[in-house]
Amino acid sequence: MRVEELTSAEFAKFMRKSPVAFVPFGATEAHGPHLPLGTDSLQPEALCDALADRLDGLVFPPVRYGHHSSTRNMPGTMALSYDTLRSLTKDILESLERNGVSRAVIVSGHAGSLHLAALRDAAEDFVRRSPMRLMVLTDYDIAYRYPLPEEKDWPDGHGGIVETSRILAIRPDLVKDKRPRGLFQDKRFMIVANPETCMPEGMVGDATKASAELGGKVNAFILDRLAELVERNLME
Amino acid sequence: MRVEELTSAEFAKFMRKSPVAFVPFGATEAHGPHLPLGTDSLQPEALCDALADRLDGLVFPPVRYGHHSSTRNMPGTMALSYDTLRSLTKDILESLERNGVSRAVIVSGHAGSLHLAALRDAAEDFVRRSPMRLMVLTDYDIAYRYPLPEEKDWPDGHGGIVETSRILAIRPDLVKDKRPRGLFQDKRFMIVANPETCMPEGMVGDATKASAELGGKVNAFILDRLAELVERNLME
Amino acid sequence: MRVEELTSAEFAKFMRKSPVAFVPFGATEAHGPHLPLGTDSLQPEALCDALADRLDGLVFPPVRYGHHSSTRNMPGTMALSYDTLRSLTKDILESLERNGVSRAVIVSGHAGSLHLAALRDAAEDFVRRSPMRLMVLTDYDIAYRYPLPEEKDWPDGHGGIVETSRILAIRPDLVKDKRPRGLFQDKRFMIVANPETCMPEGMVGDATKASAELGGKVNAFILDRLAELVERNLME
Amino acid sequence: MRVEELTSAEFAKFMRKSPVAFVPFGATEAHGPHLPLGTDSLQPEALCDALADRLDGLVFPPVRYGHHSSTRNMPGTMALSYDTLRSLTKDILESLERNGVSRAVIVSGHAGSLHLAALRDAAEDFVRRSPMRLMVLTDYDIAYRYPLPEEKDWPDGHGGIVETSRILAIRPDLVKDKRPRGLFQDKRFMIVANPETCMPEGMVGDATKASAELGGKVNAFILDRLAELVERNLME
Amino acid sequence: MRVEELTSAEFAKFMRKSPVAFVPFGATEAHGPHLPLGTDSLQPEALCDALADRLDGLVFPPVRYGHHSSTRNMPGTMALSYDTLRSLTKDILESLERNGVSRAVIVSGHAGSLHLAALRDAAEDFVRRSPMRLMVLTDYDIAYRYPLPEEKDWPDGHGGIVETSRILAIRPDLVKDKRPRGLFQDKRFMIVANPETCMPEGMVGDATKASAELGGKVNAFILDRLAELVERNLME
Amino acid sequence: MRVEELTSAEFAKFMRKSPVAFVPFGATEAHGPHLPLGTDSLQPEALCDALADRLDGLVFPPVRYGHHSSTRNMPGTMALSYDTLRSLTKDILESLERNGVSRAVIVSGHAGSLHLAALRDAAEDFVRRSPMRLMVLTDYDIAYRYPLPEEKDWPDGHGGIVETSRILAIRPDLVKDKRPRGLFQDKRFMIVANPETCMPEGMVGDATKASAELGGKVNAFILDRLAELVERNLME
């Protein structure tokens, strides 16, 4: 159930069931030559819809802008500052509380360390003031637990086999047929003004091996694991 | 063309044409018993899609949270602070600039005075530092110029005949058949903690007279006028 | 009674009557070739003095700096940022509360939309935490309700017939004899770095028709209406 | 010449002479049972008027709110936060610069250490970015250099003999006939929530010995010394 | 060479060699029943001293407060907010630049994700404005690459075998003889107000196996690897 | 007892005695050609250690960065902004409170007026929310009460006879044998971008007369006076 499609009265009625609130945090970010800029929005939005279906929860409107370090200078990346993203998270959490939400899950499609730090910083501060039961995670915390055949030469990452496969399963029309391989160039702890040079191909891993079938399996794996976690954490 | 659906390379190629960037700013807000909470997102997103089609522009990802004063305490309203909304606008403008955008239009579906002030505050500051040609408006600045038969008893406003008609033209499945009439209760310059009492029906105007036909006309009127303004302001 | 002229003990004694506190917010802003830079300070200060006389209230020290968009680059305009003005308003409201004020009226002589937004933003936030009964308005919200003969060719505005007349009634020595006519040049939603071009004459309306007599009537009209509103809102 | 009384054009014309800008920073603060709450506004405003007369300078609109530590809880004290006062100072300095001011003097009537720190903090930051020649002082930096007969039992301070005498010379109608003596109670470096206990009489010194004559001498002394400093610092 | 022990003139002379600046960021944090609260300060300070010796660099004064999430409520933990830590980092980087430093390494003893995010956030912003060559790391990024015999039952972490061994090598007098074993209790993405429950023993790993000998080896390993990285990154 | 050397459990046990917490605030600042950059850290750290010994208190980790105005551009000075220093103080005070500290003393080695204002600003705000008994001072508030033979030609100040003598008593190895004399050049209330010109010698006073013996006496004088004040203020 998408909050955006409910009237105020329907929403108020639904809230009497104390549903779990799912808030998808996406991003607009370069994802290599083969994946769309909305890749990190598509994944958590599809996941939250599926979770809400299964657990009779509510999906709140998505956020489609995030914080980006390494891809910041690549064409199409739209980057919020840490502070903007944290304030946005804080305001959304406070609005959830004002609406009587008592259990919530923030799912971030983007897994950048500062991006996640902004979400967690807001969340840690919030739970000190609120009794809300709250989870914050990126679906990639779970995705990378899916047992893949090892790819020694092409360790998987941003825009790689897992991500490409997942988008093939969600929106195949948006994935290019020609898919690259890319390696991550370690910066050895240097903080640089051109961090995009760490990804010469704009992505990391072997996307030639991606498939909608694998993507479907990974998506189902994440959905099952996360639904179980939500039930244990928030609904018992 | 939606930025979210382009790859980084496609986006970079499209940018060579110096397209106008359209950024729809929506909201999640109570809109009476008959309209969905996403009403203020649906309108500017549909409008920006149509504008981009007509003018060969680019639609950037929508923002679906805004600032709300009078409806803040109504079920389903999600409210950002002024500062969060302003920072978000600032960061989006700076990201547009980093991506080489030289002409942009921010279209806000919500017309609250502090909401618009936040957008304009960020924009005024931005244009002092940037050569970007920039428009900021709410589609209601134009919508209310559409010549309606006068409704003395039910002066139109939030969730009234114009807004209901427009949503009937965009997403009729989300509008309830039972539609109310409401009057605005003037607060006589009082600043109060329960501002929602200014709208006892949660809306203002006579929505019983709304129709998809009228909505279609208003939407076309806005599209024509705004396309013309964009051409004169940004494309000549 | 002006707070500035009372001793601490006299103030404390006066406070036992729970008087209404009036706080005039002025500005230092270009007002065409005929009006002084302090125009927006003179009006609310005179009004607050008269209101306090009539309603046995207290006038707190004036603020004489505000936020300015369109006149920002004109000679003599002194402009605060939105944040400074909001903080100032917040601190004044909190000081009023610490002093035991339970009813207050902020009267702004300047009517810029971001200027008023800053005052209201601070006030909305404040009333959520405080039981104070609070009004925030610009005297122009009332002034423009005064029935003037229609001036189709010279729609009235900043520095026009009403404002010039009011200053003629308050401080005629500060008004130049040679008074202009000016038209507002619509920017069609453009946000520009040189917004002063919207007022080529530095003012809007037909100031040649201004008179002290008209100004006196408008001032009396505002005083009467506002005194009545204050009584109904705060003193019943 | 008071900026508030000039039109925009008159101001622009006057600016061609590169006049020194004087900005009086006052305060609204309890000053014992005998002095008005506006004491700290009256002094720098009178001084700036006299300085501008003598040196053909411009007086900008006064600020009448400041930062207060020890008197914060006394009736009638209106207190800004450090940040608000600093932002206000910053915005005024930047507006001066935008108006072409190249020499300026901020004169603060209040001499609290955090109050002055806020002014200086803004000023130090400003001069790193601006070529403006800028002085920041409180008139009490000079007042206490005036040779008084020593008062061992009643060391002079806030609301004492100097301050009472100065107000007697400026606005005798606002000074009560019954004047107190008070001692400062040292807090021995304690930071306390009730700092007003350091002044049981609400003032410090022996105000019974104050006179308009002495006040006139002190005021003239300050004017002479400061005019000389301004000439040496800013006009050579 | 410790900056604190040099005079201004000696410092200026040393700077002519363009030395690498090392800035140790420590913390004050509970580290189990056996390790001192200054554990995270001792490690990077010893490391920076050794690096500066080997590479003829300068050690700047240590910071001994950091950001803490999981141990925040444990006795003795002193926690800065993200913003304070980021501002501190920013100010130190800008002071380094003002002093002519062109190569710098920030070494953090604490490895919390928000703590490191604060350092990196400041650093990423800084390098966009400055040509300084800058590394930011925690010594634990390297420490955990040291090949340890696997401890399946007691996976190593905060206060575990590596950290205890390192402190045994640096300040054995501060390590208690009785050393615990602890397991990390996964919170399954919950953000909670009592995060310390993730470490019932206050530490993670098997500290009973710690030894000064192992600590010496790990410290030497880190020193060698990091010295090599600094040479390649900053000195070639 | 240094907090850094205690385990979490030892700290918790010690806290049962409600000890006074001493927090030394140092600085890294040019102190003339003869004194080390850490001069302002050495003094309060030694003093806090001695105070804690005498009064059975706890010394918290030192801060070694401060705010600097006049020496900001001298080699080796590391300067925090006012806001960073205030936030740091605030966070430390809140951490003390979270740890159950009920009496605390902040001792600052640096006595700059904005530096002290930042500490006091944080402290004044804090005590309005907390019952903690709190002292904030610089040891120079006491040092300058020590009766010195008068030095008319070389009035003492930054890096002068008192400060040099104190460092000679604490760390004689860090003081150069060749010691200067310097005069303070009054800026006559000018706020300038090159404030270091107020100290052509980088110091103020006659350091040629400094001695370890005098330093020892001054240090003992401060220790005695301050211990007595702490007992009266916090321990009775």
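Lettered A, B, C, D, E and F in written order, each chain numbered from 1.
Rule of thumb we're sticking to: a contact is a pair of C-beta atoms (placed from the backbone, for glycine too) under 8 Å apart; a residue touches a chain by one contact, two chains touch by 3 or more.
Quantities reported herein were computed from a predicted structural model and do not represent experimental measurements.
K.L.:
What chains, if any, are shared contacts of chain A and chain D?
P.N.:
Of all the chains present, none is in contact with both chain A and chain D.
K.L.:
Starting at chain D, how many touching-chain steps does it take at least to reach chain E?
P.N.:
2
K.L.:
So, comparing C-alpha centroids, which chain is the farthest one from chain B?
P.N.:
F
K.L.:
With residue numbering as the guide, point to the option in A-B, E-F or D-F that repeats B-C in over half of the contact pairs.
P.N.:
Copy of the B-C interface among the listed pairs: D-F.
K.L.:
For chain C and chain D, what's the span in angstrom between their mean Cα positions?
P.N.:
26
K.L.:
Which integer distance in Å separates the CA centroid of chain C from that of chain F?
P.N.:
The separation of the two C-alpha centroids amounts to 49 Å.
K.L.:
CA centre of chain A versus CA centre of chain E: separation in Å?
P.N.:
30
K.L.:
Counting only residues that touch at least 2 other chains, which ones in chain F make the list?
P.N.:
Not one residue of chain F touches more than one other chain, so the list is empty.
K.L.:
Please classify the inter-chain touch graph. Allowed labels: line, ring, star, complete, other.
P.N.:
ring
K.L.:
Head round the ring from chain A, going the chain B way, and note every chain as it comes up.
P.N.:
Listed round the ring from chain A, with chain B adjacent next, the chains are A, B, C, D, F, E.
K.L.:
Residue numbers of chain B touching chain A in their complex, please.
P.N.:
2-9, 11-12, 15, 26, 28, 30-38, 41, 60-65, 72-81, 83-84, 87-88, 90-92, 95-96, 98-99, 174, 176, 202
K.L.:
Along chain A, where are the residues that touch chain E in the complex?
P.N.:
Chain A reaches chain E through residues 69, 82, 113-114, 116-118, 120-121, 123-124, 126-128, 133-137, 141, 188-193, 195, 229, 232-233.
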